[in-house]
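Shared between the two complexes below is chain A, which pairs with chain B and chain C, respectively.
Moving on, here comes the complex of A and B:
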């Protein structure tokens, strides 16, 4: 893809990638980043932890959005790669070293390898078949986590994961863990954003809009779908390594159907294809599940269901649609 | 040996066979106007040549290379480009990205982003727009540009005039003439006889999944009885 010639029209080089933020978008992003970075300084530890959970889940949702929104592959099994990454990072932290960035890299590698092993089957399909195959793979991986007790701890999960260490010292307090999560989240988000706006990303959007036309001008689309599947798996694995850094525990539920469907919910609420929308969706999902849920007597899921129905009816393009509508009246 | 040799081509869909042993020879650099009533298999032929409808039996040889059974992306790399009916541009991909995606699949040749934009200047003004925001005529130009940028030897145009204003149709005629001058072979499926007669060297008529008549354009136009019998028009 590096062979793409920059069109020789004045100011034309930037035209290849339409999502270069205009000045205002860059400012908003910088402001959000500053607020996020300063958050632990004035938030209570519980709120800081919740924010860290949101960032973990947001990176997971962003990786899923690369499949669902950008490429048009709706996956119900993406938690398999999130969970694999979490288990791998946890296992390495216990048995080898918890020194950053080792758990992170191991999580990324295992997520990507798991996606590479299962992706060949799934990317040859699309639509409902893709949905069902990914669901089946997710359930299978969860079964493996449940039964492979010597490595995963079985139904009890992988417990006693030590704190991530940076420069030899463990990140003991919630604020440091949060900053670690935030830093990795930003890296992961930027990586996915760069993929989405690269020529490779344009090809993915072409596949989503009309795959036969992509093939008809010479793109082996299955290979592209496989590529993005592996990338999304790797980023989900990174998010998984953050999960284990944050909650110091992985259970089979973390790679199960509920986790996968909550991520899909976050992507749809946020507006599929808009990466920052997926983050908003993830924030809403975690806030309702973890912060409001206990106060509602365990009916957080019910509230999520209501929110989902409202979003589908009122905002067909998700939260991101609000801004889209203002930008392009056509 | 002809440039394109199709023999005994049988293809179709799950619901039934559409092409029943079609034969077609075409010389390099020729423009063939493919006519016929609705449902006789014109689009199916085009889609089969592009590899998007599977071949049941028969052969498609381009410069003595067998294309039947190959994948669409392999056929595209062999030099076949399709401008599908209804344009089918990628709605959320910008004009500039369309051009970049296609030119990165170029087989090398005269058509570059610059030369295509010279030919279709309207696209240059719309580079930053998403294809879904373009008018029907602009989308058609983009679909043509997308095909040309792969530097094909054979271009398959499926009803390019469909639903477009006469001024745009004239522009399409101009583009086809330019392609011909550059030595590109063209198969043009068209309901607009004015366009087909204007650019085609030869006219072929399909009926029930096979070619039933073929004649040089001038001769076909002098024979209104045949045209009326085959097409139901004067």
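Moving on, here comes the complex of A and C:
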């Protein structure tokens, strides 16, 4: 029990809880939403697609932030639930129907069920142990995706996923796909934000800061951690269904170690515990990987690794920490 | 069956060499070195470059040893500024380093899997109790057993080993005795990395060298460390041999479910003995 007093998360206790957006924050949120909604009208199709990728990855990072930043459970296997949701949504789109809410709900359900099946063992641990266990689970799930060829398509991935259909018509245009992704992203973000600021979320932050004390007060901390693990898995599954709606393809790499660690990087860059920070981090990660990566001969990962090292040294509280420091020089 | 058991021992000893450094550094300093797999992969690529003749194989081993020592010392130095921060920050730093190293290896050696040939005279098969078996793996079992014994004796029976064990048990108390535990950490980090890179060369003829191998072996090593208990050499040895057998038997008997078998073994141990088979309560500070 000696390490409990040290925050398990970079920034730990200092990370702000998501606040009610009022005044300036509410205006900023509304302005960002308007700009995002109008983006396809003035952006080139490629830029629109990149923005959609960012939103998909941002929702995934936000679901991870619920674990890492809010609850203090650093997961390196969260891509398992993201990928499970993507595979499930893709499979349903191919074999049953691609009509709008169906792949989404299936993705969410499968992500949550996968998290429920594996979570009972991970939440028994904490800190670096949790990191190791989730890593092992992520790798196991990736191997399943690689070997279960009849369902997942094996190493080639699940190809030929039809476009998502809304009201009977397929969303063929990059702009419509983008708006679908944006709408679901907003829903998912609001859901996670509501969870984080509910009494349940407050208890989760209590567990992050001092789990023995929360247990002593009478909170069933293991149950709370299990609950948030399943919720985060479900939201990651939703993000996975967006991934397949956007790129119409799922490969084992989407639930692998690299995807999981990039999401963790996004959360850390943004500042663990700050949901909007995770979105900024996701934007940076996707821009480096997809926009700068080809210019670097496909070695965007190298740059991301360097960014990772620099962020750990220079920004212990992430981008959100920068803002905190400027406001209250304590 | 016999072949599978022998394979299990070969993989088991290889895993021990890989995991023991990870276990001691983690048990001692709470630094989870996620770059450990990248060091193994670096060793494997060295093997792929030089192996083929005895001179080349030994040169690869020597280079891996020197490179591993230097890399370990460097990693220890890099985590030093973070010693007052959380354990997670240090793990994340090594994760970033692992990204960079893995990508540099891809730039240097390309995306394609490389096969590593065993040194001449060991690339054939021998007959063991009626079954044919690759000679190299048989030698690997021997070399692995000797290395494992050497590490075990150094840690359990020498003054230096006592210092290492004492630092695992209570680093503040060791510091009050006038010993700079940063030096102990750097030394253990360096030797652990040496062993990881050496294991990469030794494991080359079995695993080959390919992108992604670093994550695979890192996870095997983590499973070994968790099962054996943190900071325990005996635990790492038992854990490695158990995982070696479980993994190879699983691949023979239930090839579809091999990865599940590994996870099931991990889950079983963690449910029954949350601190690992040989973990002492004192060495687990994260709970």
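Assume the second predicted complex is superposed on the first by the 312 of 330 C-alpha atoms of A that agree within 3 Å, B and C clash if a C-alpha of one lies under 4 Å from a C-alpha of the other, contacts with A are read in each partner's own complex, and residues count from 1 in each chain.
Keep in mind that, in the parts below, a residue touches a chain if its C-beta (ideal position, glycine included) is under 8 Å from a C-beta of that chain, and two chains touch if they have at least 3 such contacts.
Note that the coordinates shown come from a computational prediction; the quantities given were computed from them, not determined experimentally.
> May I ask you to decide whether A:294 touches chain B, chain C, both, or neither, giving the answer as first, second, both or neither?
neither
> Tell me which of chain B and chain C touches more residues of chain A.
Comparing touch counts on chain A for chain B and chain C gives C.
> With the two complexes superposed on chain A, say which partner A:220 touches: chain B (first), chain C (second), both, or neither.
First partner only.
> Is A:26 touching anything from chain B or chain C once the two structures are fitted on A? First, second, both or neither.
After superposing on A, A:26 lies clear of both chain B and chain C.
> Looking at A:139 after the superposition, I want to know if it touches chain B, chain C, both of them or none. Which is it: first, second, both, neither?
In the superposed model, A:139 contacts chain C only, not chain B.
> After lining up the shared chain so the two structures overlap, which partner does A:45 touch, if you call chain B first and chain C second: first, second, both or neither?
In the superposition, A:45 contacts neither chain B nor chain C.
> On chain A, what residues does chain B touch that chain C touches as well?
Looking at chain A, the two contact sets intersect at 1, 3, 7-9, 12.
> Quick one: in the complex, what on chain A touches chain C?
1-3, 6-10, 12, 74, 76, 121, 124-129, 131-133, 135-137, 139-140, 143-144, 147-148, 256-257, 261, 264-265, 268, 297, 299, 301-302, 304-309, 311-313, 316
> Can you list the chain C residues touching chain A in their complex?
Spelled out, the residues of chain C in touch with chain A are 26, 30, 32, 81-82, 85-89, 91-93, 95-100, 102-104, 106-107, 215-216, 218-219, 222-223, 225-226, 256, 258-260, 262-263, 266-267, 270-271, 274, 284-287.
> With touch defined as at the start, can you tell me which chain B residues reach chain A in the complex?
Within the complex, chain B touches chain A at residues 50-52, 71-73, 76-77, 81-82, 84, 88-94, 96-97, 99-105, 112-114, 117, 124, 127-128, 130, 133, 146-147, 150.
> Where on chain A does chain B make contact in their complex?
1, 3-5, 7-9, 12, 15-18, 199, 202-203, 205-206, 208-210, 212-221, 273, 328, 330
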